[in-house]
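In what comes next, chain A is part of two complexes: it sits with chain B in the first one and with chain C in the second one.
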Partner chain A sequence: MFGNNRLPAFHPGLTQSRIRDTTTGSGLWFPGLRSPPLPSESDPANDQLPLPITPEDLYDTPMAPFNPYTYIRCPCSELNPYTKRTPDVTAQGLSRAAQDDDDHTFDPRAARSNYSLYPLEYLSFCEDCHQIRCPRCVAEEIVCYYCPNCLFEVPSSNIRSEGSRCTRSCFQCPICIGPLAVNHVETPPDPNQLLSPDHASSSHSGSYVLSCSYCNWSSTEIGIKFDKPNSIHMQLAKLRNGGETRLTAKERKERRKEQASQGGGGGSSTGQGEEDLDTLLDMETQFANLKSFYQNQLSDANGTGKVGGDPSAALGNLGFDAPASLSRIMSLYTGSSSLHDKKSKSRPGTMREALAPSEGLQLASLDESSAITALQDFESTTGLDAYSSTASTTQLQSQAPYLGASPLHGLTRFTSSLRPIPYLLRTKRSKRCPQCRHIISKPESKVTTTRFRIRLIAGNYIPTITIKQLIIPGLTPPPMPNLPPDTIEPLKPAQFVLTFKNPIFESVRVTLATPATTPGRFPAKVTILCPQFEIDSNTDVWEEALKDNNATSSSSQAQNLSSSTGPEGSGPGGRKRAGTLRPGTAGGASLAGEELGPEVGKVWERGRNWTSIVIEVIPASLVQTAKRDGRGPIKEDEDVLEIPMFVRIEWEAEAPEDEIMPGLSSTKGGNKDGGKEKRELAYWCVLGLGRVARTL
Partner chain B sequence: MSSATPSPVPSSAHGHHKRHSILPAVSQSGPKPPVQFSSSCTIADSALLTGPHTIIVSTESVIHPRARLESLGGRVTVGRRCIVHERACLGAADLQGRYHKGSPDKEGRSMGAVTLGDYVTVEVGAQVESGGTVIGEGTTVGIGTRVGAGAVVGKHCTLTANSTVAAGEVIPDYTVIYSNGLRRIDRRGVSELKNKAQARQIDVLRRMIPSNPGKFQ
Partner chain C sequence: MSRRPPRGEYIETDTGNKVARKATLVGTQNIMLGGKTVIQPDVMIRGDLARTIPPAQSASGGPANNTAVAIGRYCFLSRGCCLRPPGRMYKGVFTFMPLRLGDHVFVGPGTVVQAAQIGNHVHIGGKVVIGEFAIIKDYVKVLDGSVVPPNMVIPSFSIVAGQPARIIGEIPEGGIEAFELRDLYKTVGNNPQPTAP
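Coming up: the complex of A and B.
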């Protein structure tokens, strides 16, 4: 309820506060679980009313702890998908396009932004286009299908013939989706069976059951037992609930013949005879009956039309998809629609509708008294709420389609008739860049390995940004009392340290830009104290350590020893504060420099492959703005302070051999030292700094 | 190696015994409760029995090490062939720290704090609050489950891990409580098989857990 719910729904599982925790504290999903009706906080009618807001009623709901976040906007949202782009789009071209957009700054709260912002971990990077790629813009290809339970790979030809479910013995519990196990049952222990008169007949019907070890469901509840412990899927497909075997197509045909011979003699046009109209047919039988009925009708119509009849219209072996029957249907329809047409081959009125179950007629059973008594019985016999005996929507949705048993009307409503769910197959997918068609990510095709052959993730190319509120004991004013923890006070400057960590082996120049005030309803003033800086390359840790040691070893060994005891010790790979880097300060002065706090134009801290800078924000007062602008109360997550920031990074990379062309020397400025190429990348990102307190 | 390094923990009276845990040693706080043990029960040396009332452990039941049986709210009765796992607590205080006393039944007899029927399994870390709480035959109280004071759980129920039974609730026989409190009826009809399996498990456990009933008597 309290998470900042931004990311599109297809994110499989998100970090921290992104997940909207609806019903369960555990975060698990169970199909049987029903969520209580949520309080209508965001009722649209409610939002329209400018209600008087008091600070007291704003803290009635507990707030989830807030974790600062950085989301990066994928450049795919800038491109117009309808203009065809030439493949030689370079990073420069894209960043220019981005800068053309600069007149309207990126608004993280715009509705469209919902679909373009991603945490760094979700992004890939195309090495050929030098561009960020998000899950939304990459093209996916299926590498293999496999069952998540038995981890067997399923060839795609089987998918076509057998569907997208595991056809071995992998099943999920229809009640709680837990995995089902095949268990052997010893015959005597069921007292209910002993009481039942047909005990003798049931004893031979199999001795294996599927059972769930979590909710104790067992396939005996739907009257199904198996003869063999293997190939359960095939056995289950033949069994209806209650243990009867499903009719095969052959049996069905024979049965129909029998019925026809019994009711034969009478006019076939009124074939129902003494048949009970309430006979329940399963879906398959109904379809087969309807099909044969209409085929009969068609052949009758055609047969009487053409004298002598068509010898090829032998009934059963012509499907609807056969070309002959198709042409017959077509001629029938065109004939009847244009009655005045040349031939009166088809006569209206020769077709009739099905009149009996043997012809596929099923009356809708509107009498629900049996369902109601079943509910009442459940309550009286078990002492549980009758509601719990009905299947939830998710339970019904996760059921695999089964044509064998369920009648078309009044599909199963009770948990007592749910069938085991064969596991849905999963896929491994590779990803391609949408523009250059190069592969960005390709998993190993073997199911059991989790390795990747190719995986170009953005975290290896662009700097990570981490956010921390800056609190200097002497300088930062103490927070207001009774302020909830981790909230930002409105109308007061708050400082945050942004740490940029460089993942690549070249040093990187970073240029940052933000709008002076954040867009949206509650504008905050933003100042980046140091918008241009460098991050050193991500060199080997040991190399750095040794280098550092050599430089300082003889001269300041003693000093090193003493300083390494402090928290800011500039040991190997350690950090250096901006204050200590200033020329002319030495020894004791550095301590005073630290207490000065952040300075404009100065890097705050710096390390082996990271640099941190300070950003200052003055948030607007939420309560006052909400009162003034008359746009209703503060909506969910509107109190989160989000800052759009434009990041441009430049670095010099080894130019690929095949790309060095004489005509392009202008783009490669410093080309002397071994084919170095200037690269740049620019993108928008959003910094979620914290929640603004709803005081004032 | 171990003999060479001086141990910071002073070795106990039994030379072979060595504590590996950094937690303070659990002490037998309070009075030693009167006990009635069956001669065939298995009760580990490090089980914790406290309280002023009687603790009864019946035939062939197994009390794991560090299981707690507290009789502060009244008598604690463990039926036949029960298993009480580690850190499980019978007769626990409620979440406010109160030990409830069971209300007397119709004939005026005290219900005791906790009564386990036969073939009950109380799994690791489960809490059965005191106050006339009854757990019926063949019921499994799952890991970390809390059964409130005065609840009456029927026979052959399954309380899955981390579920809760409210105080005073009456759970019908064969109920399965799963998935944050959903309930259904177990229709497998395997209760006798489960009891057999329990007996076999107890056979194994009796060989694994050294029993020391004398310590508590």
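Coming up: the complex of A and C.
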């Protein structure tokens, strides 16, 4: 279950990389995106469909509930992380590395930290290197491509020929990006016909449209209707806005051939059509014309060789008009070396440029009057600001390249001419360890299955840490009045319970370290009351699972099968606390007088495979510090109290049958009995405890 | 043992469903619960909106049931959410179609679901609208306040947000365990278990 029913908020040290979930005001993290994925408020398209902007979205209102978080630093952010370890990878070597880390405290708010801190669920684990791996350092390989709408797999050969979009009938709305459905254009229904099933199909002589059920956009707005409800992609490619059909390159070629065979004195009516065809070049045609023109030029140059004697030939070899450079450029764009004639390689020469539309010449149209008229017309007819008739940057960016568009200055700038967007394909990807190249994650290649062949996630190797503020009635001083809920008072000690849950089948020994005061602008004093402790092994899982299935819901038996948020449900009996036995959670308050506060050097509470300890912090006063240090007002999220913490875990594992792999951070203890070996893993993490109140 | 305290907040069925007495289930004969599902107070399930046209291939062996809403195991329907079968014109006649939820589906408070199908391990936040005939596959997270347009298909491992909703991220490999709702199931009912320390 998710804490607070949403994804764990991710606040890398600095706020620039934070992605605001506008609906909750909490940060949301995911790889590969450095800018808000949600529509921005300045987007005119969204003015029509406004997002609810709540006070939580705006800065300076820390009303959104704060979810404490733990982010873990991947070792790839160390300088030369791999070379450092390669020569001698022993426990000593590692602890020396750790020593280095201790010397210069990790600053979670440093600019670099943005790139190395991850929530546990985003981290993988390489069993061979015995190290944490993050989305930044793993190597991804595409397992398959598929359309996110029709969920059909697309072979990679198609990607090369057709591009990375679905070529079936999957489209998104150009206005709001909602899915488009193929609908039959409703004709006045004939009740006799509609009910008889055999007429149902035959009477559909009409046409189909793509329509958006979110914003009601329809392809009729750009004058496009389809003859049949399937393979819309192919039909759309042949249709210009307005419904005019467009000749494909092949058809155009054939038509030209026909005309050539008919001779120059052909019918005047077809001549007229040819004129239009050639002056209004769309991108595909222009490219085709240019290509054939240059092909002819090349073969002419090679065939006759008469340009070779030109005195400017030596220089011409460098320009775009040189056959060699031309064929090189052409092969870049056509993806083949068909133009490249080996004989021509050494032959210098120049060629003339295209002079007519039939050769690919397209004169730029700099006349903007039609666009201006369109803007004025829009204002006069609708009474709305003409700006709203123009397409936003996001709308233009999401448009798929359309070969039928006129090039250069002909690109659309109005929402009224945006075309349906064929869905971009998605991928399933496997991940490799960057150092040893072993696969650490591999999904099943079938699109519809969600299973993994390999899934080495860090959560199965390193303890989860959950954070909860410790409030003992009677012991914790009452909070200041008028303090926003869930905030930490400055200049006063606050205590937090850190619960470590062990996922592995061996008990582990944990050693924690923090700097005495946190780095950064608003230093807080930090004390870990119990920096060394053990967590029992996670052995009873199957036993517990069986119990879980048999026990009735009202059973008070401790159980815990699979949770990731933290240790769960150990009944009153399974839970021990230093000092005094804690009464049941429900009745905690009644025995408050007998409760003891946390003691130095003692764990706070422990259960089957978890141990909790207490950390005490005294935050600085934000307001006073900001006044004094002259570094301006408190920036967004600077009020979040982040504690860097170094975690070292040690355990004894069954030694593998074969010799220790190079790169394994373990040593075979000589005096160890029966194939046990000592292992350890150390890493930095950052604890986001809460927001410090902006009081004096 | 003395008689149980007068009526708890929930009715607990033999299959482990916990249905709040204050939930509104209309047309219960058309609502299927897989077991161990929690239905909180003020939830509304419109089982009465069953299809009016029999399924096309009912002759080919399928049981001629008329389920309007089918819910799998370990689903959690939060306070104030509404499950409503989608409806459309079919051969000139308006009919409702069944709404199916898989296992471990969390539906947040105040959310309206009119999907055709929600897969397994799906987390739908609060105040979300899932439009008619939307299809949500397994391991999908819909963030609070999203409006999923009608007919939208959301593939597995997607994080979805916005109005209209779009895919804004992927569920990481390590994030799939968090969809498990067994523990949440135990924290509600007439004898709720304490949550994590």
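Assume the second predicted complex is superposed on the first by the 402 of 696 C-alpha atoms of A that agree within 3 Å, B and C clash if a C-alpha of one lies under 4 Å from a C-alpha of the other, contacts with A are read in each partner's own complex, and residues count from 1 in each chain.
By definition in this document, contacts are C-beta pairs under 8 Å (C-beta built on N, C-alpha and C of every residue); 3 or more make two chains touch, one makes a residue touch a chain.
Keep in mind that this is a model prediction, so the values were computed, not measured.
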| item | value |
| --- | --- |
| Which of chain B and chain C A:M234 touches, first, second, both or neither | neither |
| Contacts of A:Y214 with chain B and chain C, given as first, second, both or neither | both |
| Chain B versus chain C as contact partner of A:L151, first or second or both or neither | second |
| If touched residues of chain A are counted for chain B and for chain C, the larger one | C |
| Partner chain in contact with A:C176 - chain B first, chain C second, else both or neither | both |
| First, second, both or neither for A:E121, with chain B first and chain C second | second |
| First, second, both or neither for A:L363, with chain B first and chain C second | neither |
| Partner chain(s) touched by A:S612 [first = chain B, second = chain C, both, neither] | second |
| Chain B/chain C common contact set on chain A | 24, 28, 30, 33, 176, 189, 191, 214-215 |
| List of chain B residues in touch with chain A within their complex | 158, 160, 162, 172, 175-176, 178-180, 182-190, 192-193 |
| Chain A-facing residues of chain C, complex | 12, 16, 18, 91-93, 106, 108, 123, 125-127, 131-132, 137-139, 141, 143-147, 149-159, 161-164, 166-170, 172-178, 180-186, 189-191, 193-197 |
| Interfacial residue positions of chain A with respect to chain C in the complex | 1-2, 5-7, 21-24, 28, 30-31, 33, 37-39, 49, 51-52, 120-124, 135, 146, 148-151, 176-179, 181, 189, 191, 194-195, 197, 200, 212-215, 426, 431, 441, 447-448, 450, 452, 455, 457-459, 466, 468, 497, 499, 548, 553-554, 556, 560-570, 575, 584-586, 605, 607, 610, 612 |
| Touching residues (chain side chain A, partner chain B) in the complex | 24-26, 28, 30, 32-33, 175-176, 185-186, 189-193, 211, 214-218, 220-221, 382-385, 388, 415 |
